[in-house]
């Protein structure tokens, strides 16, 4: 199978990271992975979940949503109307929060919480890894503000993290699947790595039948290649913040 | 009181109407009234509310939401997490749907529904009137598609409609209030008019104490001036659609 | 079209205001506008919404409901069973609370809240304006109790307010629409005025196509005539309270 | 302990049964047991619960609610706002429906449902038994209409039923407890009997410590006396229906 | 009608009471009444419902649930998925809590709450009475722990209580109905008695048509016989606790 | 750190698989991994999710819950009372369903659904992998019934699957973590493999800071060892079914 725009199996889609998209947020980033567009914002709250009260420790959490018209299939029913977030939504926002927490030394953040909101404007595969990638930039900007306002003395961010999806499509291990590839993949995997290519989280699912360790290793190698390139783009985006 | 950027009492904020912002939607418009930014999209559904079954008549409805970081105050809790839409949200989306229905001859639409989603990216006053103004453009684009696809034979849009807020701030009747003005206004009004300046809907509330008919008339005149200018911008935006 | 009982276009239905209907409430009023019957009650709570804590200011709020058999159409599903209040219900109760707040100097009420419950026993058009009209009487009675108990020193009620609906039916501007008129109206409007005929709130909707300012003015004049008569009936009802 | 108004231990409060209170309902009854006031209405629905489809059998069901200001204690939060009916509400409405079903031969009703709504305007003890007593009258009126309209050929009501509470207060077995008695009772019982004094349902609870069979028998005798008197009042109320 | 396994009309099913089934609970009991299997557990919480704050008084409450596959009919939808407990569930858990409270002197418990969870693994009739019977044992074990830990000085349990269902099946008054009997019963009754055979709670419902006092008495006698036997089994189970 | 009962780093806890525990279910298995106890049941439904209508294809889905007293920490609030399933619950039940679907050729199942319920009686780490392991046995038993009843001609189960957790605790890669280990682990991983040791799903999370590929490989090797042993136990359990 030919990929769209003659993309090679180990090639990322065009990626855009635009920090500062939402004026009212403490940090924000408009992320594009091809036709997947996500607005990530960061809020700083001077309060903390109950279980952290009086521990001096901070917290990172995330929420995720899709605008009703973001899907290339039919309109997605608004979760505020349905009255609850779907299992998929909750799974994704738990993943975003968990992986971003691994980037940071929470004890250095003080008793405050950074909340990352990821809202999908257009969905074309890989919205969760795009959210983590852009969420990192928004979080960075919010932490940057805390430093500038001298609310914290030292940068608590210990690891630069990014997410990328890959999978096996028509028997070919491929990087950064778009929706048409993702919905036909034999294997679907999400790798959240740091810029040193260490593992923050791995999720891999055999969608059709069980697969070998060799397949896993092939996908892991693709993910490392992609992460190297994305980490570079994150660096450039962050450099534009004053 | 001086308005921001030396705006005059009868002057609109800079307005931008960008049709086609969301690739997957049948119609879309990114609306900006100053720092108020709203994404409006239109979905065409070949089904109809129960009470219209077998009447040959179509329907227009709307949903409204605010991204958590859109507010210039503190983060807004996500309605999908709270498990229900607030009374304010429902009031606004009912208004958007009701006024857009007045623009169209529903019997000419056939038994189908156009659903307008208005999602606020940044809020700085006047989100409901911006939503109606941009929602009209998104609806126009969707209807345009139905015509091109020959699903309907004649354009069912009978009236071009737009919304504008105005109010009395520090004793001065003013057009197109931003958030800082709106939250201190003595009177708050929303006018939804057609391009002939006929009335689709009027909502006016005395926020502090009851006011005279003269005040109402002053605001109505401002709304007419604003609507003339906005209607012109809508025409330009629509002209860019092929 | 002939109106029921030969009512003239500018004539109210028979109105009854019975204060003290519910023994356990601090204030109450059984309101009838023709076959529209509403029980309004007032509760005094010595607590205040969060955003008013330590401001010395009071609050008025309202809740609205319809008994399942109140409708002349089919039975209305009980909102407690559906698990949420409809958008219409919330819109109406927000209107009742907002307009009754405009009647009162909240800083003179002290840090307490008066909650107005409006429950519709029979619905035949105009339930929201009947609720405001009767809600005013129930609120008055509750304030009266606070004065008698010397919890407040001076009457904080600054304006006597009432609500009335009007609309254009078969081309004729008409006062106080019943359900059969309301459901066929070309224009539907609710005026909440004070006894000096100043404006508290105006809501006007063109149900079919946009209408001229002249139509608005005709309806406004009818609303003023109706309000004068209703305000007189409120005075009589209040005079019966000792 | 003296009862209010010198009522004797085996004496009912003044009871009023006013059929036809709600114009829009197929059957209705305003019931008063002293200061306990309940509006009961009946709706006829030409549809049937799923499990009865194509059995030719009808159904009776009930819903119960309390207006927020009905309580002599503090205001009751509206269940439509809380988003669910309480356990107490559901228990009561299941009781009302179940006991009214025992009054009727459901196979003679045809595949239709009568829904009884019981809404408490004032609560002073015994709202569930008052609801059953008045619900019977509303149901009777609805069945009467079906007969007049020849939708059913024969009266399916087989038993005239009524409810009455009794209990042990300060050691004295007493009939028809008001709220102040009920909240101090050692034993609380509800008897739903037919006019032949046969048992439809018995609920008896020892609120403090377990009690003997003798106590049960004393209460049962009171309930029989009360039911005889209430059944007579139901007959009179029904006789006024034409 | 022959009963299963040649059981006589006044004969209990084989009953098993296994205390200590759940390691993590403060008290627990696996109860079997024939094929009805329930896990009862007790939790001690050092907090108290709001209305008991600062009264020195404790509380007992209960929650009830059925595993989806417990029913001998089709799978029961999980209440956590439906988003609410059914009326039946709430009615049953209110009964369990209320009757267990009658067993105990709450003032001797101190300001703490014992929460009894009853989860049905297999349902074959009589789950609520089995829950009360086993809930008593779990509660006993939890109280026992409080005594051993010297959190309370004296045993607050005043009455040993148990529950048993009975009913009239094919005209025969029968003890301890299984599901096939229960679903065809003319009369259905639950008796919660103490070991002295005094009454804690009686619920009796004529499922088909009203029944005489004689029937009630017959059932009451069966219930007393059953309770004597069950109380003996509870004693044996409790004796195994060290 | 010493493991409980001198367990070695690569040693499983005692595992028990008891098929047929719940009489009313089409398939069932009581699974114990040490003190983690789960009841798995299988229901066969002759209906199919909407998106599979008329495709001839079947479906496997799962639901997961924890009894309130199952936790070794404090009591877990009942999700039926909270009114929704937590994100964790949904994530787990989606995992169980997804991995069991990979075991089966859905086209050979016909248009029917097998629903796997996993209810945790005691939780001591690894409830999700225990659920998959026992869920497989329950599913096998249900499929076996379909074969015996000749509803399907050939066994659609293509792969025998099992789940096992492992992690790094105090720097040591360890198999089958109990709760005390799991809550202190540096890395937490779940492997769902088939009996050929191919991958169905991998989830690995660095709980503290990112980890190397070498760590991943160590854990994967442990998982393979564990799966070999568990697969053998599943074979033995299945052999007892006639």
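By written order: A, B, C, D, E and F. Residues from 1 in each chain.
We adopt the following convention: a contact is a pair of C-beta atoms (placed from the backbone, for glycine too) under 8 Å apart; a residue touches a chain by one contact, two chains touch by 3 or more.
From a predicted model like this one, the values you see are computed outputs, not experimental measurements.
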>> For chain B and chain C, which third chains touch each of them?
In response: none
> Pick from C-D, A-B or B-C: which pair repeats the contacts of D-E, with over half of them the same residue pairs?
Replying inline: B-C
> How far, in degrees, do you have to turn chain B to put its CA atoms on top of chain D, rounded to the nearest 5?
Replying inline: 120
> Looking at chain A with chain F, do both copies bring the same residues to the contact (over half shared) or different ones?
Replying inline: same
> Could you state the distance in Å from the CA-based centre of chain D to that of chain F?
Replying inline: 51
> Between chain E and chain F, what is the separation of their C-alpha centroids in Å?
Replying inline: 33
> Among the residues of chain A, which are close enough to touch at least two other chains?
Replying inline: 83-85
> So that chain A leads and chain B is second, what is the order of every chain round the ring?
Replying inline: A, B, C, D, E, F
> Of all residues in chain F, which touch chain E in the complex?
Replying inline: 22-25, 28, 35, 39, 41, 43, 45, 63, 65, 67-72, 74-75, 78-85, 89, 115, 117, 119, 121-123
>> Quick check: in the complex, which residue numbers of chain F touch chain A?
In response: 84-88, 90-91, 93-94, 98, 102, 158-159, 161, 193-194, 196, 198-213, 215-216, 220
